[in-house]
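Structures for review follow.
Each of the two complexes below includes chain A, the first together with chain B, the second together with chain C.
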Partner chain A sequence: MWTRQSRDCFSRWLVTLVGYSVLLAFAIIFVFLVWQVWPLFQPASISAQSAAESSMPYSYQVEAQRRQSGSSGLLWLDNGLDERVQLHADGRFRWYQRLDGDWQLSLQGQLALSSWQAAVLLPGSRTLLVADQEALVHSWFRLHQQLIDRPGIPLHQSEVLALIPLSADTFFSLHPEVLHWHHATTGKRLTELRLSDQPLQQLQLSADRQRMRLDWGAGQSKDYQLHWQHPAVAGGQLWSKVHYEGRREAAYVWQTAAAADDSSPRLSLVPLTSGTLKAAAYAMLFATPLAILAAVFTAFYLPERWRHRARATMEMLESMPTVILGFIAAFLLAPWLEQQLMLFFVLLVLVPAVLLVCSGLWFHWRQRQQKQAEQPGAVLVLSLVAGILTAFMLAPVLEHAWFDGSLLLWLAGQGIDYQQRNALIIGMAMGLAVIPSIFSLTEEVVFQVPASLTQGVLALGASRWQTLSSMVLPVAAPGILAAILLGLGRALGETMILIMATGNTPLLGFDPFEGMRTLTASLALEMPEAAVGSSHFKVLLLAALLLLVLTFLINTLVSLLRLRIRQRYQQL
Partner chain B sequence: MRQWWQQGSPWVWLSASALLLCLGLFMALLGLIAVKGMQHFWPAPLVQFQLSEQGKPQLGRLVRQISDRSEAATNRLWLLDRGDGLSKENAESPASSGRYLLLEAQQLLPERPSNAVLVQLHDGRTLYGTMLDAAEVWQSQEQAETGLWLELASQRPVLLPAEDIRAYWLPNQLSLWQRGVVFCQEWRHFLTAAPSQNQSAGGIFPAIFGTLVMVLLMAVLVTPFGILAAIYLHEYAPKNWLTQLIRTSVYNLAGIPSVVMGIFGLAFFVYVLGGSLDRLFYADQLPAPTFGTPGLFWAALTLALLTLPVVIVATEEGLSRLPQAQRLGSFALGATQAETIWKVVVPQAAPAMLTGLILAIARAAGEVAPLMLVGVVKSAPQLPVDMQFPFIHLERKFMHLGYHLYDVGFQSPDAEVAMSLVYAIGLVLLTLILLLNLSAFLLRQRLRRKYRLID
Partner chain C sequence: MNQRIGNMLLAFCLGIMLCCGTFRSLSDDLDRVSPGQLAGNLTSTGSDSLNSLMQAWSLHFMQQHPGLNVQIQASGSATAAVALTESTANLGPMSRPMTQTERQHFERVHGYPPLEIPVALESLAVYVHHSNPLLSIELAELESLFSAEPQCQPGRSIRRWSELGIASPLGPRSISLFGRNSASGTYGFLKQQLLCHGDFKPEVHELPGAAAVIQAVALAENGIGIAGTRHQSAAVKTVPLMQDQQPIALQRTLYIYLNAHPVLGPGPAELAFMQLVLSETGQQLAVRHGFEAMPLDTRADLWQRLTEALHVD
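For the complex of A and B:
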């Protein structure tokens, strides 16, 4: 039965199947994430439903609201929990708050408008919405003893029959013949529902606020299903500044464990993305020059035996667990840097300076001796050590002379906040994690530059460095770019160092003395706690997808560049 | 001057020192972890300190020197560890409770009593005290029990029953050889015992064991898959766009951030696949999840996906180094392609596959971020492998070295105890990974030399 041919055939099929399944695995990861994230971007919608026998506990009388405000000029609004507002026709209001069971006046005054058509207090929140005569819904919320103004929400029709609250961040505006659904926090119009020209009597909502019943009186009613799964991102909060209730101004906010008085999480990916970019930028700033210079030297100057050793060591170090680097960064480097910030800066400036001076002296001396000034050897090590020692001795002196003994205090005096776990720490720790990958690839491409080229240039009388800078580096440039991108890809996806040494506060900006919270850290820390299927869960998956796409692009670019450099070398 | 610049001498200097700096930083890092990790077990001498003029001298172990730069002058302070004490009630005053003290230089006494003893209890506590001559105390108490008479800080002598004591030694009178013996014993204990005292003491055996089991399970999952995929790519795949696509996806799979893989593992493997498994086979135990929760199997599967490209790339490299003549020779003898591959190519490329596997294991052993999501816990009550049927429990949560390091370092209430312990864990982890990498490296070197001879 098992003939040689059938065995051959079976083996071919099996192996091919496994080969394809690698592609399949990658596709599944991508498709699964897209599929999970998709509902986030589905617009809210209202669809008609057959009438069901179910109770609708929340009901809003359309006429009553108008009559009340028209006749007595006074409207009582209630958020269903602990806030009440008494609103007069001319815009005067009294705001009550329930404290320990009885209602207390907490705020009163005059709204910045003279007349209004409809008003509502959103359920469970402190936001007051008032529609004026010019198709604009003004939005205020109470913050302690203050009324904070939020940007208004434009309506599409100036005649407003009623504002009907749906949840803490969405509401309906009822116009003649049309019902609009708005996002209260961002002011975006979610969807609309066309109605008949008959005046609507009553609007009822189910307890879970997923279904609604419109009632035109005389037993004529219709049920609708409301589709809105993710109000926390429906208004475009992911990427734009939002003025949330309880804050004084619009901002990018990432706040998942909502405070006691607000119900929905605040999910702006901007601070996290900025954190990721900041961390990667500082790491690259630290790693790129070091790694490329080291790689160029290894490939072009070191003798074969030492080159092998340097390469092997770097390859070994590439597998260093980042959890160890993160621990060292958080517990050793961070306290050290806080103590020795001045020393750090002095080292940064002084060591290259001392090296340059020593190299000049060495060159001069060798020339006087009429010798080639190529391999400095032990002199270099000595001058490096000398530079570091000088920095150690000079730093306290300079700190006393320029900053009254403490750079940290001086920084604080300048209004610069120094956090112990900051971008400089990340730059160094993640820089160390990234160096081996940049080093390996750069070294490879520089070393593989065809020898005929370099020998030709050397034969024309150029020094080794002239050969390198005028010939080798331009030829190998795409490969070096690929190496940098490879390092960038690794820096963007790094997690443990960032969890341990960033402080994990979502902050914007590129301040070197502040920490950050990155996408990866948020993923690792928040994912286990996020409820499956919630907005938070899906937004985290979106963050994962974002990282996946970003690294996908970078890696594709890297393989294209590597392909190109291989072709270039073959041609030469 | 111009010549100096034109000939590129400054750049040579800068690049050479960049290399020195890179290697130096890494070596310093490795050295630091090695030294600090070793120090955790080295029996350091005990010192005496006196909190006030009248106070009785107490025993403690110096942790480190702290320079306090809050004022204009730099103050030197000493951080001192004075052990756990027997129990909270015995502490003489609230001010003296707590394990760590900051001392000024004059509070440290120069002499080191030779009968100072360090006792390690079975429950993970450490005591520093003065050992009393057993016979003397017995006479006064008139009872003979086996145990150790200790005088702890300004208390009456206490008898520690022998069965509570794990080990004790007199650090101030040990010879170098004895210190070495204690050092080795403590290492052995560290590697074979379970954590105690809320992770701040004891050993790390469950973490090592969990890491090994997970990594082996991952190897079982990833090896056949990776090798077959590499064989496909190198031996069968036609040169067309589809193959190019597969190759691209291998490279991109390698570039996916590990935490994203962890997210996929949690959202897809655990919640989707695990949830379905639960509904199909463990419906009677719902809503308590069996496979619908992070566990050993899902962790191994996620890491298998993560390390798949490592195995594929290494295997393919090995396959491509094999001379084409060998394959042609096999075909010429009338062998089918399957026979050529399985009887000629694969046996010769086996070391390359082993290299890939070792690299994959090294990578998996060092990963923490994805594991945090798919099954690692800070303390697992049961090992994933035991004598109960079915012996290997795929659904159990497990401990992992890397995560244990993170957990002890960041969640421990006692940061100073954690410090030296974390270095020790880091040393174990690093040794494991560097050894794996070194063996892969040597294997590959040997392989390359062999093929060079064949060529």
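For the complex of A and C:
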């Protein structure tokens, strides 16, 4: 009954099933992320709806608005909270602010235009929008006793019947025969609605601004549904500079405000992406030379017994939890480096220099004695110790001589801010986490270069170094590249070290003395706070998708390179 | 003479007894513990600032009700709103009031608003490294330090210690700013009260806990951080906060949110927990953990509201 054949068949099916289900799970994760993120890129839309009975609380008389804003003098604008503006037909204005229950004049003057068609103060904000005669909506906001100019919002039609506020950062512009929907902060047009050529009498909005009713008079009206979950993101906030209210200039800002309702979240992925790349770059800068040199040495120079020990140690290092590295980096390494910055730089320069000089002298001396130059193990260790000791002695002297006793103060004098948690710390801590993965693959690839080749080259009289540099390394190059990419993938996806040691400051640029905030750290820190389904939540999922795609591409490349090197070894 | 003193004493005693009489029913009600047949699990998700106090309350609570098990997760106030909405927690401790958006999310799912109960008060303090000679700091200066663009009062951004009147060697150095991560109530509270809804500087280090802020300031000579007053340590010192030469406090209320049906009220276990929290014992625990107690009449009002919700049916 339970024959060998049926057992084989059953287990084969089981293995296939499990394999496919793992693949399927990955596909499902990918599809889920895409499906969640997709609505971010759908601009707002207006769809017709069957008329609901309920009346709507916000009603705008188009004719009345027109008359008001015409030549007849002045217009009162209100943000529904604590700001009021009195605007004259010639562009003079008086800006009032409510302080402790009283309306106080905070600002008056003349706008930079002589006539205008329509104006509005956005609800709950300090932004004044004024449509001029040339199809442009000017945008100003009050900052203390100053009016800050923001980029204008171009309209598609010069005749404006009314500007109708919808939220703190979106508004309608009503033209004859068409209604446009704009995002005030980014200036993008979200969508449009074609209207009949009959003059519109009234526009009504529901309290939650999800429904709209257009009234042409004589009992002719139509209801619409407004869809706008993510207007800010649709307006292009993610990858471009935005001039937010309250700031003096446009900037890439990542600042999510779960607690403060009134300010819209600032969701620019630019600082986070730059932070991820910065962290990975510094880690690779630290890890790549060390890991590759160590791997080549282990594979090519070390005797078999020692090679195994080195590999085992590296594998143990690889399994070290990164949270420990993060902890050490944040609470031991970072304060130490701040105290001993000079020593760090002196070590960085002096130790390799002393090593090189000592081994050079050693060989020179051996050659003069006409003896064969052996592996100078003891010399290396001795010169390493000598280098470190010299650095310790030299650092205070140099710091005193060159930098008036304190490198930190000298840097501050040069306008360079040294932050305790910075890219150097991350480079070292994350570099340590990345070294094992680069090391293992490089070591494997170099070791697997066919012995027949190396033996042959050595037999032809080449030295070990010549063999290595002119034969082994070129043959193994694709494998080493794969190892570097593997390390890069690891560095891009690393989270814990970054959360603990970077300070999570969303800064732009590659300054080595400043921290960064990465995509992964933001995901881990902010996912629990984000309201499910909000723009913030979806942008975080977008960040996850970006990371997934990036690491997927890198890992695919690694696999392809490994395949290639395997084929190359088989051919040789 | 003696008789007069005796009369006064008598009147005094009578007065005290009268006062006690009026309050007795309320405080008795709050302090009466019914070691009932409560059993099951209570899950709390939310504020990190409230974490130590929640632990203390739950320990005390589990002693009173051995059948009940309280689990506490502390990863930021914003998580409380999400967890209550998704019904993965019974108690939502938060160090700031829920925002309109969070309330709306909750209402859309459950059909009624969450129940907000203020449970303690906390003062925030400004910390610097113990070697820092700074004596006091103005509120406006603090805003200029942390704000990308000061909104409350006009001013320019402060970047170096010399701008706060500190001489060399610290003077020329830049200021390292330490604050909480954006999920925390401290972050939201500071954003509203200190920055007048402005943006934080991107240079502000966002650390995942109040203890981490203190630790970071303790290790950085040029650091300044804001966290609750109860986290004292020898390596840091607090700097008095001033406004127009008058000392002021950044004080905020801490809340516990409940998912309470408007007719049925909160569940019996939640109610028992809130009874402990609002009782004298609970408030003494709060004081012992470095918070400040809520006034008695506020607590009595709250308790009445909580129990009224029960009696409506």
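Going forward, the second predicted complex is superposed on the first by the 550 of 572 C-alpha atoms of A that agree within 3 Å, B and C clash if a C-alpha of one lies under 4 Å from a C-alpha of the other, contacts with A are read in each partner's own complex, and residues count from 1 in each chain.
By definition in this document, a contact is a pair of C-beta atoms (placed from the backbone, for glycine too) under 8 Å apart; a residue touches a chain by one contact, two chains touch by 3 or more.
On a predicted model such as this, the values are computed, not experimentally measured, just so you know.
Enquirer: Between chain B (first) and chain C (second), which, if any, makes contact with A:Phe331: first, second, both or neither?
Expert: Both partners, chain B and chain C.
Enquirer: Quick one: classify A:Leu432 as touching chain B (first), chain C (second), both or neither.
Expert: first
Enquirer: Let me test your reading of the model: by the given contact rule, A:Glu444 touches which partner, first (chain B), second (chain C), both or neither?
Expert: A:Glu444: touches no partner chain.
Enquirer: So, A:Asp417: does it touch chain B (first), chain C (second), both, or neither?
Expert: second
Enquirer: Figure out whether A:Thr505 sits in contact with chain B (first) or chain C (second), or with both, or with neither.
Expert: second
Enquirer: Examine A:Gly489 and indicate which partner it touches, taking first as chain B and second as chain C; both and neither are also allowed.
Expert: After superposing on A, A:Gly489 lies in contact with chain B but is clear of chain C.
Enquirer: Output check: A:Asp82 vs chain B and chain C. Expected answer is one of first, second, both, neither. What do you get?
Expert: neither
Enquirer: Does the superposition put A:Pro528 against chain B (first), chain C (second), both, or neither?
Expert: A:Pro528 sits against chain B and chain C alike.
Enquirer: Between chain B (first) and chain C (second), which, if any, makes contact with A:Glu192: first, second, both or neither?
Expert: Touch status of A:Glu192: no partner.
Enquirer: Which partner, chain B or chain C, is in contact with more residues of chain A?
Expert: Comparing touch counts on chain A for chain B and chain C gives B.
Enquirer: Both chain B and chain C touch chain A; at which residues?
Expert: The overlap between the chain B and chain C interfaces on chain A comprises residues 331, 406, 499, 528, 532.
Enquirer: Enumerate the contact residues on chain B facing chain A in the complex.
Expert: Residues 1, 3-4, 6-23, 25-26, 29, 32-33, 67, 69, 72, 225, 228-229, 231-233, 235-237, 242, 245-246, 248-264, 266-268, 271-272, 294, 305, 308, 312, 336-339, 341-342, 359, 362-363, 365-369, 372-373, 402-403, 405-406, 409-410, 419, 422, 426, 429-430, 433-434, 437-438, 441 of chain B touch chain A in their complex.
Enquirer: Which residues of chain A touch chain C in the complex?
Expert: For this pair, the touching residues of chain A are 143-145, 244, 246-248, 253-263, 266, 271, 331, 334-335, 338, 406, 408-409, 412-413, 417-421, 499, 503-507, 514-515, 517, 525-526, 528-532, 534.
Enquirer: Per the contact definition, I'd like the list of chain A residues that touch chain B in the complex.
Expert: Contact set of chain A toward chain B: 4-5, 7-8, 10-12, 14-16, 18-23, 25-29, 32-33, 36, 289-291, 293-294, 296-298, 301, 310, 312-317, 319-328, 330-332, 339, 351-352, 355-356, 358-360, 362-364, 367, 373-374, 376, 380-381, 383-384, 405-406, 432, 435, 439, 463-466, 468-469, 489, 492-496, 499-500, 520, 523-524, 527-528, 532, 537, 540-541, 544, 547-548, 551-552, 554-556, 558-559.
Enquirer: Applying the document's contact rule, which stretches of chain C touch chain A when the two form their complex?
Expert: Interface residues on chain C, with respect to chain A: 75-79, 81-82, 85-86, 96, 99-102, 105, 148-149, 151, 153-154, 159-160, 168-169, 172-174, 176, 178, 181-183, 185, 187-189, 191-192, 197-200, 202-208, 215-216, 219-221, 223.
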